[in-house]
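Please find the structures below.
You will see chain A twice below: alongside chain B first, and alongside chain C after that.
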Partner chain A sequence: MAFTILQQVVNGVALGMLLALMAVGLTVVLGLMRVINMAHGALYTLGAYTVVTTFDRWGFLPSLLAAPIAVGVIGLVLEGVLIRPIYQRDPLHTLLLTFGLALIAEDLVRIVWGDAPYPMSPPELLSGILLLGDLPFSKYRLFVIVVSAALMLLTWMFLARTQLGRTVLAGTFDREMVRVLGIRINLLFTLVFGLGAALAGLAGALASPIRGVFPGMGSSIIMPSFVVVIIGGMGSFGGALIGGLSVGIIISLAVEFFPAASDVVVFVLLALVLLVRPRGLFGVEGLLSR
Partner chain B sequence: MAKKKSGSLSRREFVKVLGGGVIAAAGPTIFVPSRAWAQGTGPIRIGNIEPLSGPYADSGLDEMEGAQLANEDWNAKGGVLGRKIEMITEDAPSNPGIGVQKAKKLVERDQVDFLTGTLTSSVTVAVSDVAATAKVLFMAFGSHADDTTGSRSHRTTFRTTNQNYALSTATATWVAKNWKPKQVYHLTADYVWGHSARASMNRIFERFGVKEAGNDLFPLGTSDFSSYLIKVRGVKPDVLVVNAYGADQINCVKQFKEFGLGSNMQLCGPLSGTPMMKGIGTAATGVWGLSWHSTVDTPGSKKLRDALMKRYASSKKPEWRPSYRHYLGYVTHQQLLEAIARAKSTNKCAVIKALEGHKFDGLKWTQSQWRAWDHQNVQDVIVAKAKRDASWKSEDDYFEILGHLSGAEAYPDEAMWKQMGGRPLEPMSEIGC
Partner chain C sequence: MRSILALAVLLAVAPLLIVPLGGYHALLSEMVIFAVFAIGFNLLLGYTGILSFGHAAYFGLAGYTMGLLLIHSDLPLWAAMLAGVLAAGVAAVIIGLLIIRKAGIYFAMLTIAFGQMFFFVAMRWKSVTGGEDGLSDIPRKTLFGLDLSSPVRFYYFTAVVCLAAAVVAWRVIHSSFGDVLRAIRENEARCAAIGYDVRRYKLASFVIAALFAAVSGTLYVLLLRYAFPQTMDWIRSGNVVVMSLVGGLGTFSGPIVGATLVTFLNNYISFHTRYWQLVMGVVFVVFVMFFPRGIAGYVLEARRRFRR
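Right after this comes the complex of A and B.
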C-alpha cells in the first residue's frame, strides 16, 4: 500500500510540474501586467501541435525544443500587436481579448490539423518503465519531472539572480515605482509575456504523449492552471510551484482513495485556501485592486 | 506515432468533394414538393446521416463508402424495381441536436423514402425518434448501446451493428474460458454505455466464478489514466477490463503499456476496431469484441473486402484496409434494397414486414437475422486479439481473430431484454400501416 502511495505521489508530481509550468507564465503575467491571460491554454495547445508537426521529420527531442521557441515567438507577437494597445483600459478588456483569442486559436487548430486527436507516444528511449527496487515508474513521467524541474530552476534563477529578472519581480510588486526609476517597462512586458508563452508551449509539448493531442486540450488545462495560480497566490513564482505540486499530488491520491471525487477535490482545496487565506499561499494582498 | 498531416488533409478534401458532388446531384430535385412524385418512377431516395466532421469523421466516411458501394452494385444491375438508388448524405457530428435537424431536413425537404446511417448512440437514438414521429423507416448502422433496440426501440428503426450485451457476452466468455482469471478489475467510462458494458461482462464472469476486484468510473474524455493504472497495479487483478471507446480507450491502452502493466495482467474490453487501433499504434494489446474485421475468412467477407479494396484503395494509403464501419454501411444498404425488392414496393409497411424475422447471410459464419420483436440484427460476435509487432504490414494485422460466438448464444432472450428495460415496439397500426 505504501508503495502504491509513493507511486501515486511521483505520478502526481509529474502532473503538478506541468501545471506549475503553466501557472508560472500565468502568474507572472498577471502580477506584472495585470493581464488575465485566457489564451494561455491555446499556447499550450500550439506547443503540442508543434511537436506533432515536426515529430516525423526531426524526432522527439528537437521537436521538444522547437515548441517553446515557436510558441514564444507567437507570444511576443500577440503581446506586441494585440495586447499592448489596450493596457491602459480596464483589465476586463484584456480578459475579453484573450478569451476571444483562445476561441479563435482552437478553431484555427481544427481547420489546420483537423478535429481528430493525434496519436502521440513517448520516444522509444523514454517509453516503458524504470524499476527502482521493486517499484515501477514510467520513464517518460520521470523525464517530465526532471525537465520541468530544470526549467523551473532556470526560470527562478533568471528572476532572482539577474538584473533583468529582479526588475521583473520588482515590477510585480510595484510597477509604478519601476517606471518611476526610469526602466522601460513595456519592453519588460513583452519579454515576460514571451517567456510565459514559451513555458506554456513547452508544457503542451511535454504533455502531448501523456494527455493526448486534440483541439480542446488547452481549455481542459486552463481551469486547473488558474486554480493553481489562485492557490499559490497571484504573482508568486514559489506559489505556482507549490500550488502545482499540491494540485497534482491531490488529484493522484484522490483517484487512489476517492475516485468519484477526483474531479471535485481540486475545487475543494481551492475553496479551503480561499476561506483560510484569500490571497493564496504566497500571494500579495489585494493585487488586482491596486 | 504522429499521423501525417498531409494524409488527413487530403482525406478531408476528398469528403468535401464527395459531399459536394452528392449535394450537386441532388440539387435540381430538392424543391420538388410532392411526395407522390418520389414514390413514382423516379429514383429511390435514401437519406444518409454520418459524422463527416468531428472526432468520428474517419468512421463516418467509412460507413458512407460502404453504403455507397451497395448502392452502386444495385444501380449497375438497373436499380431496384427498375428504379435507380440515390443517396443524399448529411454531416451530423456527435451532436444529437444537429442529427435531429439533418434528419428533419432529409425527411421534410428532400422527401427521402428511407433514413440510414449514424454512428454514436446519442445521435442514433435522436434520429430514431424523429423517424418514428415522421413514420419513416430508419436503418441505423452504428450505436452499440442496448437502449437503441431496448428502452428506446421503435417499430420504424432497425439496428445493424452488435449491441453491447452481445459484445460483452462474447468477450467475457472467451476471457473466462481461456484465461481462467480469479479476479478482474474494471475501468469504466462514466456514462450509459460504460455502465451497461460492465454489467454485461460481470454477468458472464459471475457464471464462471470470476470475482470483481474493483471498478473505477472515470469521466468521459479522460486523457490521463496514470493514477487509475497505478491503483490497478496495487490491486493485482488477473485481468483489467477497459469499458471505454474512442479516445478514452486509446489513452487507457497506451498508458497500460507505458506503465508496463502487460507483464502483470491481461487486458480486455467489450468493443474495439480499426479506428481505435490507429490511435493506439504500437501500444496495441488486449482481447476485444468486434463486429467485423477485414480478415474474416468467409467467402462473403472476402468478396466484400475485395470489392471495397477495388473501389476505394486507390485514394488511400497503401496500408489501408476496409474497416467494420464499411461492413456496417454495406450490409445495411444491401439488406434495405433486398427488402424493397422482396416487398416489391418502397412502402415502409411492406419493407418493415419484409425485414422482420428475415434470415440472411451477414457474411459471417452463421446466419444473421432481423429479430422481429426488437429489430436487432442478431449475428455472430467476433473475439479478437489486438497486436502490433514487427510483422505488421497493413491494417489487416491490427487484429488476430480468436473465435466467434453465435448470435443465438450472445444475444439476450426476450425475458432478459425485458429485464434490461426493453420496450415493446409500437403496433403497426400506430405508424399508419
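Right after this comes the complex of A and C.
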C-alpha cells in the first residue's frame, strides 16, 4: 500500500513536471502578452509527432532534441505572422485565433500522420525499472523528472538571472513601462512565444512514451495545463511548478485509488484553491485583474 | 421591432427555402436551436463584454437533466424541459458566484476550466450519464398534447422558441437593465463609481446567457433524441463564441446570422470531408484576422454609409 502510494507519487511528479513545462509557457505568454494560447496543446502534439517522424532515422534521444527546435520555430512563425497583427485588439481575438489554430492543427496532424495512435517506447537504456533500495521504479519516468527539472531550472535561471529574462518578467508586471524604457517589446513577445512553444514541444516529446501519440493528445493535456496556470497564479513561474506538481500527483493518486474521478479531482482542487486564494497560490495582486 | 418581424417571417418560410438550398428540416432545426444559444450568449459577450468559454456546460447540463427525466420519470415534456433549464440556471449561479469577481482573460480561463468539469463528469459518471456513449433513445413525448414527431412540426416548435428568445433578448437589450450592461462593457469602473452593483449585473448577465444556452440544449437533445458528452466540450463553447463573432458582436441580428451560417457550413463541410475542423478553423482565423466586426457589423455600417 505504502509502496503503491510512493509509486503513484513518482508517476505524479513525472506528469506534474510535464504539466509544469506546459504551464510555464502558457503563464509567461499570458502574463507578458495577455494571450490565452489555446493552441498550446497543439504545439505539444506537434512535439510528439516530431519524435514519431525522426525516431526511425535518428533514434529517440536526438529526436527529443529535434522536437523543441522544430516546435519552437513553428511558434516563432505563428507569433510573427498571425498573432502579432492583432495584439492591439481585445484579448478575445487572440484567444479565438489560437482556438482556430488548434482546430486546424489537430486535423493537419490527422492528414499527415493518420488517425491511429503511434505506440512509442523509450530507448533500451531508459526502459525497464530501476531499483532504488529494493523498490522498483520506472526508469523512463525518473528520466522525465530529471530532464524536466533541469529545463525548469534553466528557464528559471533565464528569467531570474539574465538581463533579457528579467526584462520579460518586468514586462509581465507592466509592459507599458518596459516599452517606455526603450525596450523593443515586440521582439520580446516573439522570443517568449517561441520559448513557450519549444517547452510545449519538448513536453509532448517527453510524454510520448508514457501517454501515447495520437491526434487528440493536445486537447487532453491543455485543460489540466490551464488549471495548473490558474492554481499557480497567472504569470508566476513558481506557481506553474508547484501547481504542476500538485495537479500531477493528485491525478496520479486518483487514477490509482478513485479512477472514475481522476479527471474531476483537478477541478475540485481548482475550486478549493480559488475559494481560499482567489488569485491562485502565487498570483500577483493586480496582475491581469485590471 | 422590425427585426423581430423580419425574423418571424424568415422562420415561417424557412422550411420552403431549405430544401432547394441542399438542406433538410432537421438541419434547419439545428440552425434555429444554435441561434437561441447565440442570442443569449450575445447578451453576455456582445452587450456586457464578458467572455465565457464554458457556456456549453449549461447547454449540456440542461440536455442531460431533461433526457434523464424523460427516460426515468413520467414527467411531461414541458416539466422535464423546465427542470433541465432550472438545473443549468442553478449551476450557473453557483459557478458565477465563484468566479464573477475575476475580470477579462482570467475570467475566460476559469470558465474554460469549470466548463470542462461538466464534460468530465458526463464522461465518467457512467451509471447515470452513460459515459462516452451518452443517453440514447430519449423519448420526445408530446408537448401539451401536441405531437412533435415529424421534422417539420419539430422545426416549428423550435422556431417558436427561437422567436420567443429573440423577443426576450430584445426586451433585455432595450431595458434600463440592458443599458447598465452596456455601461459595464464600456467602462466598468465608471459604472461602479456611479453606484451600480456591477457584480450583480454581471452575474445576472452570466446566468441569463446560461438560461438561453440551457433552453437551446434541451431542444438540441430533443432534436437528436440523444445526449452525449461532446455537447459540453470546450470546442462547443468555442463554437458559440465564433458564431457570435462571425455574425457580429453586440448587434441584435448578429448571433442569429452567425449561428445559422456556422451551423449550416459545419454541416455542409462535414458532409463533404471528414476534416471539417480544418475548414472551420480556417474560417475562424480568417474572420478574426480580417473581419473582426462580423457580418452584421459590416452590413450595418454599409447601410449607414448608404443612407448618408
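What we mean here is this: the second predicted complex is superposed on the first by the 285 of 290 C-alpha atoms of A that agree within 3 Å, B and C clash if a C-alpha of one lies under 4 Å from a C-alpha of the other, contacts with A are read in each partner's own complex, and residues count from 1 in each chain.
The rule is simple: contacts are C-beta pairs under 8 Å (C-beta built on N, C-alpha and C of every residue); 3 or more make two chains touch, one makes a residue touch a chain.
Not measured: the values here are computed from a predicted model.
Once chain A is used to superpose the two complexes, chain B occupies space next to chain C without a clash.
For the three-chain arrangement built by superposition, the Cα-centre angle with chain A at its corner and chain B and chain C at its ends equals 70°, in steps of 10.
Applying the stated contact rule after C-alpha superposition, one finds that A:Gln7 touches chain B and leaves chain C untouched.
With both structures placed on the common chain, the touch criterion links A:Val227 to chain C but leaves chain B unconnected. In the superposition on chain A, A:Phe99 contacts chain C only, with no contact to chain B. Of the two partner chains placed by the overlay, neither chain B nor chain C lies in contact with A:Pro62.
Using the contact criterion defined above for the overlaid structures, shared-chain residue A:Leu108 touches chain C, although it does not reach chain B.
Of the two partner chains, chain B is the only one touched by A:Pro136; chain C is not. Once the two complexes are overlaid on the shared chain, A:Pro117 sits against chain B while remaining clear of chain C. Contacts of A:Asp263 after superposition on the shared chain: both chain B and chain C are touched. Superposition on chain A places chain B within reach of chain C only down to 6 Å, the least C-alpha distance between them. Note: residues 260, 262-263 of chain A belong to the chain B contact set and to the chain C contact set alike, using the contact criterion stated above. Those residues of chain B whose C-beta lies close enough to touch chain A in the complex are 1-5, 8-9, 12, 53-55, 57-58, 93, 216-219, 221, 223-224, 226-228, 230-231, 233-234, 247, 250-251, 254-255, 257-260, 278-283.
Per the touch definition, chain A reaches chain C in the complex via residues 30, 34, 36, 38, 82, 85-86, 89, 91-93, 95-97, 99-104, 106-108, 110-111, 219, 223, 226-227, 229-230, 234, 260-264, 267, 270-271, 274-275, 278, 288-290. Contacts from chain C toward chain A in the complex involve residues 45, 51, 53, 98-99, 101-106, 108-110, 112-114, 116-117, 120-121, 123-126, 234-235, 238, 241-242, 245, 275, 277-278, 280-285, 288-289, 292.
Only residues 1, 3-4, 7-8, 11-12, 14-15, 51-53, 55-56, 113-122, 127-129, 136, 138, 140-141, 210-212, 214, 217, 220, 251-252, 255-256, 259-260, 262-263 of chain A touch chain B when the two sit together in their complex.
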